[in-house]
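Everything below concerns the one structure shown next.
Letters A, B, C and D mark the chains as written, and numbering starts fresh at 1 in each.
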Amino acid sequence: MNTPQASEVWIRLQKELPQWVEESRAQCGEGKVASYIPELAKAPHRALGIQIMNGSGASIAAGDAAIPFTMQSISKVFTLLLALMDNGEAAVFDKVGMEPTGDNFNSMLKLELVQPGIPFNPLINAGAIVISSLIAGARMEEKSDRVLQFFRKLAANDFLEVNEAVYQSEAASADLNRSMAYFLKDNGVLKGKVDEVLDVYFRHCSINVTCADLARMALVLAFDGTDPITGERHIPRRYVQIAKTFMVTCGMYNASGEFAIEVGMPAKSGVAGGILTLVPGRYGIGVVGPALNPKGNSIAGVDLLETLSQRLDWSLF
Amino acid sequence: MNTPQASEVWIRLQKELPQWVEESRAQCGEGKVASYIPELAKAPHRALGIQIMNGSGASIAAGDAAIPFTMQSISKVFTLLLALMDNGEAAVFDKVGMEPTGDNFNSMLKLELVQPGIPFNPLINAGAIVISSLIAGARMEEKSDRVLQFFRKLAANDFLEVNEAVYQSEAASADLNRSMAYFLKDNGVLKGKVDEVLDVYFRHCSINVTCADLARMALVLAFDGTDPITGERHIPRRYVQIAKTFMVTCGMYNASGEFAIEVGMPAKSGVAGGILTLVPGRYGIGVVGPALNPKGNSIAGVDLLETLSQRLDWSLF
Amino acid sequence: MNTPQASEVWIRLQKELPQWVEESRAQCGEGKVASYIPELAKAPHRALGIQIMNGSGASIAAGDAAIPFTMQSISKVFTLLLALMDNGEAAVFDKVGMEPTGDNFNSMLKLELVQPGIPFNPLINAGAIVISSLIAGARMEEKSDRVLQFFRKLAANDFLEVNEAVYQSEAASADLNRSMAYFLKDNGVLKGKVDEVLDVYFRHCSINVTCADLARMALVLAFDGTDPITGERHIPRRYVQIAKTFMVTCGMYNASGEFAIEVGMPAKSGVAGGILTLVPGRYGIGVVGPALNPKGNSIAGVDLLETLSQRLDWSLF
Amino acid sequence: MNTPQASEVWIRLQKELPQWVEESRAQCGEGKVASYIPELAKAPHRALGIQIMNGSGASIAAGDAAIPFTMQSISKVFTLLLALMDNGEAAVFDKVGMEPTGDNFNSMLKLELVQPGIPFNPLINAGAIVISSLIAGARMEEKSDRVLQFFRKLAANDFLEVNEAVYQSEAASADLNRSMAYFLKDNGVLKGKVDEVLDVYFRHCSINVTCADLARMALVLAFDGTDPITGERHIPRRYVQIAKTFMVTCGMYNASGEFAIEVGMPAKSGVAGGILTLVPGRYGIGVVGPALNPKGNSIAGVDLLETLSQRLDWSLF
């Protein structure tokens, strides 16, 4: 691709990013903050922030990049990676499929119809619950702790913690996930005790981060599993490739196809308004904007990424 | 990416491609030639061929690259492009969606459930039928002729023709497509006479090609809409980007997700055993292998592309 | 059952039926006249009429019993009977099932899921279209004529005719039925040309009747296939038993279960507002009330039948 | 109906029933004993028994009428009756629908699609679980005890007990029912703790009976809620009417439509091989035959009831 020089892009970003954030922030009014649990409903409706980090560790932040939020579904990318490292490809894809689904993210319909009854992919709820069950560890505390340590290492932030209020709230309104988990257990796809598996799942969804944390985690993916700042390899390249592919085909709920057309960057969103994305070999990016569009993605965040992709030619395609 | 130099790859391909073809050909025994129409069932069960063309117009062919076959679903990529050029993005995506679907390619279930009743994407049958209805032209003969001329131009081959026997055969066993088309018409998505729209559709699916034709057509996509040999621009870059994105998310029926993980190249397959794929900025590739896997893709062709992608690091991800 | 003497019931009906009609007519305001074809939309919104005929041929009519309307789905009961007489039970139930379905009457979802792909029962559209294909006759004109003659005989009315305006209107807005028919043809369930089968189907749905006609046709069913007035046997008893069973389990679209609970009489409704029902061994009943409830049944007609069933203890159960 | 005199029927039954049982027993070889829990798999594969009781309390038994078995789904008819007596019609049908469904009895698909998310009817698993939640009682022990006392009273048998081995076995393999219950809870249809509701449900499914018990319970339904032997009224007539209607439209899983056509008697089957049925105003009938057909009904039991219905003209229709 005849993309501009990295240094030119960086200078342009420093200059224009704040303005682009303000332009996209105008979208917030059309969106809705997630309210299925009270804790999420407290998020600031008009917030929009972004942090972009390059391979030298330099960062550009704009807007409300400093506000904390829970990872929610963004965590599914990283538990998938840990499960792959714990079990290998074959064992993981014996339990979850590789296919995107255009359906609503909570749909049980698909769960039932796909043969032989395994979740379509590891990024829908059903798939992510199965992935949680595959994390190594003798007891659920150990599993949850291993997830947290892995996330801390990738974010280079030893202070990452589970947001206990969100975790309690999630666990208390979990009937649909519990229903899904028992369905998977009945199908023989989910091993272990449902309540313990769900506990691991709710905990990793409830880890608090900022845009800086997402940017650093994304940077490791952008550099194929190696932290470019420390030079440390955290994840085998093949697993990063798998994760990035899923981010393209299934990362944005049932708007993944549209996002691939309009933005074309590997990304994963969460209902707290976060989006983790990246430019391969160049940047790790974290975005937050709690007001969601009807598909469950940050309405202003998606708009901002469209701007970035179109003006800077960041689509993979 | 630390990919090897183009010249090294080319030399390696010249040396090893014939051997790789023979290794993958062993898969043919596990596959089944499409037999829903008698004409397709005549294809040679053990055939496997490939042609790779670079931007200078040089080609490497191996195996049974010279056998003719009909484009079938591969043609959907190019009618989408023509419909985009005829109508613009907004008008096209008013009638078809952008989301992949993990369902079987013939499923009417999805057709019914998606809101507001439009096909999930332009590469499933229902979507491609709608796309056929959007090709400009006063009468169906004119529409079909415009499609043929467009394909000839992209393939740089004035001798491309509809295979009349296959076309007749398709048209005569069209009850399911007819059912789908009337359903779309009832939903207000399909305009025009069902029989005429289907005629355009069956004709473009029945165009005869060889691997060389597919490679040349793919080359235009690999160079963002410009034929690198003649320097002529055939398609706006944005539309090529759209087409390549759909090839990644929906190009291989309900094995698109798996293909993205295992191969990671934009590709489109057809039930006659063809696969069109590409390496951006480098190569256009045509593959043929009529024996299909249960998902409807060339079983040996997919295997060969896995080999190429893994050994030459051709995944986008 | 400790039901009152027939003569007492008859006297009570003569006295109270007009009042009950007026009470139920108040429901009309809540309903909607079918409008998917212009001809149906012309029906009088507040009309409600009923005619009850006993085995001696005496009748009691009340309200707007004299207005003409088309049979629509009510005709499906009688084409089923004719198809059984033409082909026998085994041949008919090889092509249509016996199971009720709680789904919307137009749903194609069920059509696809039921194994091995045959319609759930002969009273849903898909099933009735298959039944139309089973009517004996060399050409479609002959089939349609045999249906009309059979209906005339049962109604003891040589003047029954197809309402040409409604027929033309139905045939012109038939895309969904055409879609269904091609789906059935693709499945191998429907034999013959789709357009000819649908022509037979639309014609029998468009036959004009009054409440008196429905009452007389229902009387034949109430007396197990014999016209009690002439003593002539028109239908074997076993086939009448089959028809009455379907009327109980599937006669009122996806409100059949509720109607069985609240009314408990074998009945079949049509979207023009007609309902044909009966008291076994006693009465044939025709009702008309064009304003429909959301399930597609006459809103005031259902209310009137609830009154009759509850006050006169007419439930089968 | 010109049915034979009751006394003639009784004499004929005494003479011929044993022979009819032996004729139907030949079907057992085609069936399969339920094996999803080990306790059920122990049932005798070739057993077939029946007991018919008339309003004077006289009984005719034939075949293996004395073997004990658990009620399973047959109990759903009686918990529905108790829930109606505890809550009234309006409160019950606010939580469960009235429509039959042609789907497999375990399907969650239907559960999801029906608006507004309530189970189709009280005899499918999802509906029966909701009904269990509606039984009055401060704690689950009290609810379970009230169910047992109600069943004992109807069966006039103070020795009815829960089969603890079956109950434990059911409770231990309950993941699918648990999944369904959490789905219902998420929808707001199910109140209370899932585990407690399921405990009530599994207990009433596990009550041990013989054909004599079923015949006596059915007799109460045949006499509209009054035990004809003691003259005691146990259930309001309207509720019995509701129960009998559901038995006709939904009593035999997704073969209810076919059973209505071929037998035409209100009936409810269970996976332990029991069938409870009746002739209104005349007989209560209990059948047992553990070998099941693919729809989950006693294969020989259904055959025997077809014989009885056809030879003695017992269809309602």
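We adopt the following convention: a residue touches a chain if its C-beta (ideal position, glycine included) is under 8 Å from a C-beta of that chain, and two chains touch if they have at least 3 such contacts.
Keep in mind that what you see is a predicted model, and the values were worked out from it rather than measured.
Enquirer: Both chain A and chain B are touched by which chains?
Expert: none
Enquirer: Compare the two sides of the chain A and chain D interface and say whether they are made mostly of the same residue numbers, over half shared, or of different ones.
Expert: same
Enquirer: What's the chain with its C-alpha centre farthest out from chain B?
Expert: Greatest centre separation from chain B goes to chain D.
Enquirer: Distance between chain A and chain D based on Cα centroids, please, to the nearest Å.
Expert: That gives a centre separation of 49 Å.
Enquirer: Provide the C-alpha centroid distance between chain B and chain D, rounded to the nearest whole angstrom.
Expert: Taking the mean C-alpha position of each chain, the two centres sit 56 Å apart.
Enquirer: List, in ascending order, every residue of chain B touching at least 2 other chains.
Expert: 113 - these are the residues of chain B that touch more than one other chain.
Enquirer: Touching pairs of chains, which are they?
Expert: A-B, A-D, B-C, C-D
Enquirer: Considering only the defined contacts, which chain A positions touch chain B in the complex?
Expert: These residues of chain A touch chain B: 1, 97-103, 110, 113-114, 120-121, 241-242, 244-246, 248-250, 254-258, 260-261, 264, 266, 280-281, 315-317.
Enquirer: For chain C, which residues count as touching chain B in their complex?
Expert: 107-109, 112-113, 175-176, 178-183, 185-186
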